[in-house]
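If you scroll down you'll find the structure; I have some questions about it.
Chain lettering (A, B and C) follows the sequence in which the chains are written, and residue indices restart at 1 in each chain.
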Amino acid sequence: MGNEILKRKERLDRGVKVRTDTVYAVSSWQEIFFLLAPRLVLVVGLLSAPLIAPNLYWQKVICILGVFALLSLGFDFLSHFVGLVSLGGALFIGVGGYISGICNHYFDLPIALSIPMGTLLGAILCTLILLPTLPLRGVYFAIVTFVYPLMIERAICAADVLGGTDGITGLTMFGNIWFSQYIILGVVLFSTFGLRKLVNEDIGMVFRGVKDNDQAIRASGINITLYKALAVFISALMGCFGGAYLTHLYGWVGVSLLATDFSIFPLVATAVGGPSTLVGSLIGCIILVPISETLRAFGSLRIVMYSIILIFFIAYWREGLLNWLIRKYEQSEHWTRV
Amino acid sequence: MQIIVYGTINSLILVFMSAGFALAYSVSRVPNFTHGALYVLGGYLNWMLLNHFGVHYSLSILISTFSVTAFGWLIYQLFVIRVRGMQLSEILVTFAIALAILEFLRWHGLRGSTFVLPSFYNGTINIFGVIVDYQRVFVMIAAISIVIALYLFTHYTKIGLGLRAIAQNERAALLLGINSDRSAALALGLGSALAALAGITIFPLGNINVATGYDVLILAISVCICGGLGSWKGTVIAAFVLGFAQTAVVHFIAPQFGILVSLIAVILILIFKPSGLYGQQKDLEERV
Amino acid sequence: MNKDLLLRVENLNKSFGGVKAVRSMNLDLFKGDILGIIGPNGSGKTTLLNLITGFITKDSGKVTFSSRDITHWPAHKIADAGLVRTFQIVRPYSSFATYKNLIPPLFSPRNRRTARGRLGDRDAVAIDILEEVGFERESAVIHKLAGTLPLGYLKRLELARCLAMNPELLCCDEVFSGLSMAEIASMVPLLERLRRNGITIIMVEHRLRELFKIANRLIVMNFGEKIADGIPHEVMKKDEVRKAYLGEESAL
């Protein structure tokens, strides 16, 4: 045996890999930190963003980021965990926004009531109108979610109700920009970690089973339509809250809430950030929203760019950013002495 | 009487619009969301060739149809083939491509009355006491010819029979040596061609705009769902049912509500008979 | 009605297009039976199973289970009532770990109505059930992704999934197919144990020798019709049965 000190590469998570699905056999502070660090970075980063934002414009951007994040979370959950591809983020935003606006404008309800009403009633309404497609397989749900927002927009403009093409203006706005930022960030974080916990719970297994093997779910005595409806309801709650929030952020509601923008953005954010991870869609939004805001001048061209990005990610890099990062993080190595 | 004539015209227009989507889906099982976009693209290319390059009308029709077909085939080879089999990804990809095309055209300024295609032949004709312009007559004739041509193609030519075989039972067709990928490419190419032709023929009735792209997609999908995804007879019959329903609504209620008819029809069908009016047995198993 | 009668099928019919898959099927099943359903390929055995368990709609006929008319019930409601089935083409939840495959049935309303279901830790119950069907409690197999399991394990997992439902009637669709003699030999005691624990079993099978070891009744189907019904020994002696399996000339 020689006297040389040999060095070799060793994975950082060497100890942490001794674990099962639900139990981590951690044995050192180092390992706990390794696992917690990414989550902490995310939470701390998001919560301090409003403090770092240079001006009101960027603080509004953070608010919009929150709305898109909620939509994207809902989309990731519905399509990658339950198997229902929703091409209609605009549906949730629009319904939530309009109901909230109606409560505020026609019934003079304060924000504290109109937002929850918009969220809850909106989610119930969305689930009900999507109900006929739930006993059937994926395509129908996708088609109908895509068609509904367009139809509702036409109906509103044609019948000239609910403000028609101009929309309803003069709604109550949030008093304080700090409040509006933190409330949406709070909801986003709650939803993210809440959904992550949900999909690992027993009921989450049922949801995932719907995507994986619906015959087996039926054979297990579970009413598949009921659980699909529940999943849609959860996703709709998040989307409708976003819509209601948006209404009171700007003080008006109009058919632009039903724009295709809202339908395609969750798709891109999730594809870029990393499908099936929930947090991935959040990260996708964090990357894409600021970029998209700076490119606001380009109008419809932005949707073109989203689409092209989406196409390339789905066709050529299905894994997405977060999944790739996770792999690299867990595989990262350091030199140790032998 | 007016309603009957306009209803028939409307129904045949719907048949024409839906043919491409139905063909592509029944053979390749890919719901081609780019259908509406290709429709508009066909019309737009035709307009460009006519107005910017001064090409003769019949030549421009040929070139634009061919270009859109090639484009549709290209989309398949570059993108759709990579996600074939994963239906949800197919939807996402074709949906994204459709948006890319349509929103790009919208940004480019495709609206208003500048983008108008001239009729093939000016003048009107009197049908059962109703004045109908020649262009509409062309559309009707084109629609009927296409249905007949497709029928003959899929029943009497080798390639067509191959397509029908794949549509009915992919596994069995594969065993017989029919190449599934090439058939799918062919079907999607044909579907694109039909979409372009529909756009080129129907746009002269109005003006070219982006909203039509979305409308055509919705109408084509509605007709196919109501008729039964995969059934030709069903698609044609559904087109007539929807066509007349739409005409009635437009006539008796208001013009803007016409397209809502398709949404209501789809929802009703999904509730009561999800496999469509003439859906195949296979589709019944779609119901979970 | 006989108190021991568990399942009664009356005049069941089903056609696919022009093909009559099941014609005028009648059958009575009593608690504690192990009923074998055999017949040549295409005789309608699996269709019959699909009809009884609600996975395919019936053209006409009536099915009664524990004195309840389940003819028009959807599949999940029938499973909820205690009539469960395995699938011929075994498909687990391939993206779940093996023991997690039992969570959905443990989560079903049928289980949540019982005390066991309200006990909380379904993971532990799942591992218990897996042990019952022959998985080793401490092995790594239980945590592997179900999509990576070999066929023998998958078949046991199917049975475990059914057991997790606490069934009264278990319908096995070709559960022996694809298994080696040794694997089947180890499954037979399991099925017998289930019967002793009060579960009635229907087995659609092709592996006759193994089936005869446990079935106490046999139904033979051919072209959608029942051509024989009775004790295995006697049924196999019948001319019609020989004709169906071995061809016309052998019925001599």
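Just so it is clear, a residue touches a chain if its C-beta (ideal position, glycine included) is under 8 Å from a C-beta of that chain, and two chains touch if they have at least 3 such contacts.
None of the values given here were measured: they were computed from a predicted structure.
The chain pair sharing the most C-beta contacts is A-B.
Chain centre most remote from that of subunit B: C (centre = mean of CA atoms). For the pair subunit A and subunit B, the distance between mean C-alpha positions equals 33 Å. Distance between chain centres (mean CA atoms), subunit A to subunit C: 42 Å.
Taking the mean of the C-alpha atoms as each chain's centre, subunit B and subunit C sit 46 Å apart. Touching two or more other chains at once is no residue of subunit C. Multi-chain contact residues of subunit A, defined as those touching 2 or more other chains: 218, 224.
On the subunit A side of its complex with subunit C, the touching residues are 20-22, 202-203, 205-206, 208-209, 212-213, 215-224. Residue ranges of subunit C in contact with subunit A, taken from their complex: 53, 55, 74-77, 79-80, 84-85, 87, 91-97, 100, 103-110, 122-123, 143, 161, 164-165.
Subunit A makes touch with subunit B in their complex at residues 79, 83, 85, 87, 132-133, 135-140, 142-144, 146-148, 150-151, 154-155, 157-159, 214, 218, 224-225, 260, 264, 267, 271, 298-301, 303-304, 306-308, 310-311, 314-316. Residues 31, 78-79, 82-83, 87-89, 91-93, 95-97, 99-100, 103-104, 106-107, 214, 218, 221-222, 225, 254, 256-257, 259-260, 263, 266-267, 270-271, 274, 286-288 of subunit B are the ones that touch subunit A when the two sit in their complex.
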